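This is the structure I want to talk about, given as structure tokens.
So that you can tell them apart, the chains are marked A, B, C and D in the order they are listed, and the count of residues begins at 1 in each.
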Amino acid sequence: MIKIGIYGATGYTGLELLKLLQRHPAAEIVWLTSENSAGQQFGDVFTVPPAIGKHALVASAAADLSAVDLVFCCLPHAVSLEPVARARAAGVKVIDLSADYRLKDPAIYEKTYNHAHTQRELLAQAVYGLPELHRAEIAGASLVANPGCYPTSVILGLAPLAHAGWLAGTVISDSKSGISGAGRSPSLKTHFVEANENVSPYNIGRVHRHLPEMEQELGNICKSANQQAGEWKIVFSPHLTPISRGMLSTIYVALPEDVSEAGVRAAYEAKYADEPLVYMLKPGQVATMGHTTNTNSCAIGLTFVPGTRTLIVTSSIDNLGKGASGAAVQNMNVMLGFAETTGLM
Amino acid sequence: MIKIGIYGATGYTGLELLKLLQRHPAAEIVWLTSENSAGQQFGDVFTVPPAIGKHALVASAAADLSAVDLVFCCLPHAVSLEPVARARAAGVKVIDLSADYRLKDPAIYEKTYNHAHTQRELLAQAVYGLPELHRAEIAGASLVANPGCYPTSVILGLAPLAHAGWLAGTVISDSKSGISGAGRSPSLKTHFVEANENVSPYNIGRVHRHLPEMEQELGNICKSANQQAGEWKIVFSPHLTPISRGMLSTIYVALPEDVSEAGVRAAYEAKYADEPLVYMLKPGQVATMGHTTNTNSCAIGLTFVPGTRTLIVTSSIDNLGKGASGAAVQNMNVMLGFAETTGLM
Amino acid sequence: MIKIGIYGATGYTGLELLKLLQRHPAAEIVWLTSENSAGQQFGDVFTVPPAIGKHALVASAAADLSAVDLVFCCLPHAVSLEPVARARAAGVKVIDLSADYRLKDPAIYEKTYNHAHTQRELLAQAVYGLPELHRAEIAGASLVANPGCYPTSVILGLAPLAHAGWLAGTVISDSKSGISGAGRSPSLKTHFVEANENVSPYNIGRVHRHLPEMEQELGNICKSANQQAGEWKIVFSPHLTPISRGMLSTIYVALPEDVSEAGVRAAYEAKYADEPLVYMLKPGQVATMGHTTNTNSCAIGLTFVPGTRTLIVTSSIDNLGKGASGAAVQNMNVMLGFAETTGLM
Amino acid sequence: MIKIGIYGATGYTGLELLKLLQRHPAAEIVWLTSENSAGQQFGDVFTVPPAIGKHALVASAAADLSAVDLVFCCLPHAVSLEPVARARAAGVKVIDLSADYRLKDPAIYEKTYNHAHTQRELLAQAVYGLPELHRAEIAGASLVANPGCYPTSVILGLAPLAHAGWLAGTVISDSKSGISGAGRSPSLKTHFVEANENVSPYNIGRVHRHLPEMEQELGNICKSANQQAGEWKIVFSPHLTPISRGMLSTIYVALPEDVSEAGVRAAYEAKYADEPLVYMLKPGQVATMGHTTNTNSCAIGLTFVPGTRTLIVTSSIDNLGKGASGAAVQNMNVMLGFAETTGLM
């Protein structure tokens, strides 16, 4: 059994992680931390059955790193930096669900998150935790930076085009998210009456915090396809929708002149044919949020607009599944040599 | 034109009031107060069209009582006590949407709200603002205490039985409310992900703050029917439902042996036949929230359970309409001699 | 008083129309038709207060055209053709909410709706009912074709650009609609469990039925700006969202090189400054569905993506308000010489 | 591996069953039937990942009973009668999710469902599939009648009182259900716009079809406690709420004079202490739908109303989990000797 600790367990990613790990045959929860709810049980914070609710919550200072093999860090960005470093210093493997170890260039991190990156050496060792792009590195990693939900839906939706060198011009991702993506801290934005019966674009047209992740990962792929920087850029428009969990990116790409519909479809099929948690929809089908709700999969549909060069990629994930905690367990499975979908199907 | 001020305009009852008054042919908004948003416009706080959004928000200290004829007070309980008194001292008529002037007995107020009642003389002058019970008094009043939403649905649902002296034993009101009833301050309870896909009983089995209002008003009616105190009591169970606005009380009453179905129905029809904002559903129909959403009416259905003495009263209001701001405008119309439904249909 | 009949009153546009007309000081409902519910009252079909529910439903064959001045036709496309013609033959003014009289070219109608256009002479007299584009013609018209909801949100969102001759290349409208836009006939698509907790693109990448309307109206404006056909095209992607009523179009436009942000904003401000039912949001604001829910207005926000030529127009309407029945009453007001927003604010 | 067939797989209980069985280590799906969708794949009917979607749908006439060990029957009531009989005649074990084999008295079945019971001999062999009441009989059964969702929430909520002989007078169950309980066939009742932003009582005050199940099972327990028939009766009021899946029964019981709060709590604790899928909430807690959403458990809270004899039992299940498909898998586990919660946690 793998002994597991979770930092910052009382948010939605912590809850989902606990539900997934409870089903995992080789995972044993050793401790859960919460600064605000230390001394309580998990069931005092969430309405969950006793099997999950019985776990005690402790302050992170009381979490014994020598008692665990692997730590999931579900703390907010910037707050994750130190606990991750402490866990690594204690020789514990780490999967960090924050943004703190995702961006390879600390200058971009600092500009994006407006916070100094205090762990640059560790950052160099971190692997971006998207197995569909970095499986081999994840298998050998001790620190994995779990991707953001928006980047997962966009990167998986565009990776086959990037590999083929077919990304060009302005790529538009009109993305829709459920409210759990905004976290559990109460705010006017997440108030039921404000979010219900509403669809709200937010942070559109600016450099959204998730954009550098997309550019880093898709940019790396493009380099391997000998595409110059600046040949393409992403306009990213997130929208809040009145849904608890789910995410859909509707992505608009202007295909190069010499690329055929069949060629594009073949590129996607080839890329994802053997992936256990990404699947292509049939021609004529579009991805909806419902394709992946309460799953750990990504569903992708391709629609070619007649009489134009426009390809519409619809990419659906559950923001708490393949967009966060499901991906974290997938990464754990890859790091520890379990079958990749253990506990995830 | 009647010149109007609103204290505490940036909650849901303030928003609804403003929408209703905008349609009212004789109402002119002079000022709106907000301590937190003073200096901003109403449209900076809510996503509303410019006709409503253009109004300035001022601190209550800057609100000129000499410039208005009537004030609506949308502040929380306990906070309303002083502003209402100041407005009355300035000779301004007041409709208070808080609980501060609803309970005739200050001792019950103080026990229920855990706060001293500092305006006992004024309390003696206040009229409980349910025109269906107190129309004549409201017409002559300078201070009207607008009823709570739950009490409105329950009192209107039971008043004809009380008048007839038919309330007896344990009356159960299983009430369901939309989330706007919980106010606009963000909390875990009103967080979209917590409230969505959920129905939650809360404060059941205890003396809910709204119970004394029901007992006071129904008790007064019963006294007129020569019913002793203690012959009936209400068990009141509020539930939060994933709805922005709406309220439904499903009320279970054990009818006395000698009362016929036809007699009960006749009593309700007689009581509400001439009421412009309460209507009886036909036999076989039950009230649903949908009957009154976005209206200022109350819809009542009667269902007799075969083979038992049980009457099920279904009573539906919009918690922001007849349950709050709609009732406040109805009271204004009665106080000022306008047709009672002006601006409300 | 204007005497009014409504054909096909038992859908959501009929319900909304009735609610709006009830508040209109000069409108008198004379008859409502329904083939399926003839003989019943409106209140047997919808949970509405008696003031609306009391109206009788008659078969269209029993609807006396000599008793009315104006008819709203809320029938489905193709079904509207004949009743509109009969009403016109009887000298009654008509506002048709179907698509039957919107497209000037009957060949495009027949291809789009797969149905012969049997009233070509009448079609020539019909005016497209968007007062913001055709106010003067509507004022003199006897037959007005009320626009579709999607076209309203997109045309109003792009008209100022078209006027200025700034539409170019591929314009993408990623549009989100509430479920009432799909009508009241039960289907799997509108089943609560299928639509709830879901966002679904549909009919994307094909020639959606609403696209020709957008092309006709924007194309006419462009011609006046001396733009050639083919210089721009719209990719239109409708999405179903779990909302009863509301519509948001997020529209992506690549601006010409020589156009400034200030110039674009000035063009929109100039176009809509005097419009009573279209309003521009301030710089930095984006339109959300919530801006227009339960209103008859259109709210428009402009966002310029730094470092690109991309303008994001967010255009919000209530699909049953400015997107259907609210626009129909606006058209009635213009046709009959009432103040344009009578009954609509 | 246990070879499994499912009759009527394309409803919500079939979908949920398939998801649960996919996780079950000993279950192998052999065939799924659908008369309407025969020839298609499951993924053509639901938006599910390929692991589930790949299953073929066949007409029931083509379903080979000799190839399976156990059949789940997810057909509507009355339609289940014959297929269950055929499966039993072929020696296949059956778990029937319809109402056809739940009521021991065929006369009550025929009156309740208005349909002749054509399989009376088989009915005599059927076991009511609530393991918390009939575990031993289920273990030896070949035909199990899976309980209805409403009866499960009410029976589990009242069984400890019935065992103790403490049921008396009029017991009121005000029950709230998600829309999936109404099935997948489109209807006005399940139309998104009708169900959303609404709470609707339905079939209240009449003998709801689920009432005889409650009376049969609770009556049998009461007999063992020497309670006479007629000493208690249930008033059952179901409500539709705008939720995809979930169920909450708020049950009001007048306790006998000589029963203490501690005694009642002890009776519940004793009854459910060892149950793997029923759990008691702590004093002060109430069950909400959220306690059991997407689980196969039942959560029960007890609230004693001060100053009265009223006990409020809050009983929460997921109507598709413990209320249908989860219970069916639990029954399968008991019948076949697997650990009872295999595949269910």
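Everything below uses one rule, namely that contacts are C-beta pairs under 8 Å (C-beta built on N, C-alpha and C of every residue); 3 or more make two chains touch, one makes a residue touch a chain.
Keep in mind it's a predicted model, so treat the numbers as computed, not measured.
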* Could you find the chain whose CA centre sits the greatest distance from that of chain B? => A
* Using the touch rule from the top, work out which pair, B-D or C-D, shares more C-beta pairs. => B-D
* chain C and chain D: spacing of chain centres that average the CA atoms, whole Å -> 46
* **Averaged-CA centre spacing for the pair chain D and chain A, given as whole angstrom** => 37
* Asked: At what distance in angstrom does the C-alpha mean of chain D lie from that of chain B?
  -> 39
* Asked: Of all the residues in chain D, which ones touch at least 2 other chains?
  -> 197, 242, 244-245, 288, 290
* Structure fact -> As the complex stands, chain B meets chain C at residues 22-23, 47-51, 197, 279, 288, 290-292, 294-295, 297, 299, 345
* Where on chain A does chain B make contact in their complex? -> 12, 178-180, 184, 186-188, 190-193, 195-197, 242-245
* In the complex, chain A residues that touch chain C -> 170, 172, 174, 176, 178, 194, 197-202, 204-207, 233, 235, 237, 239, 241-246, 248, 250, 252, 254, 286-290, 293, 303-308, 310, 312, 314
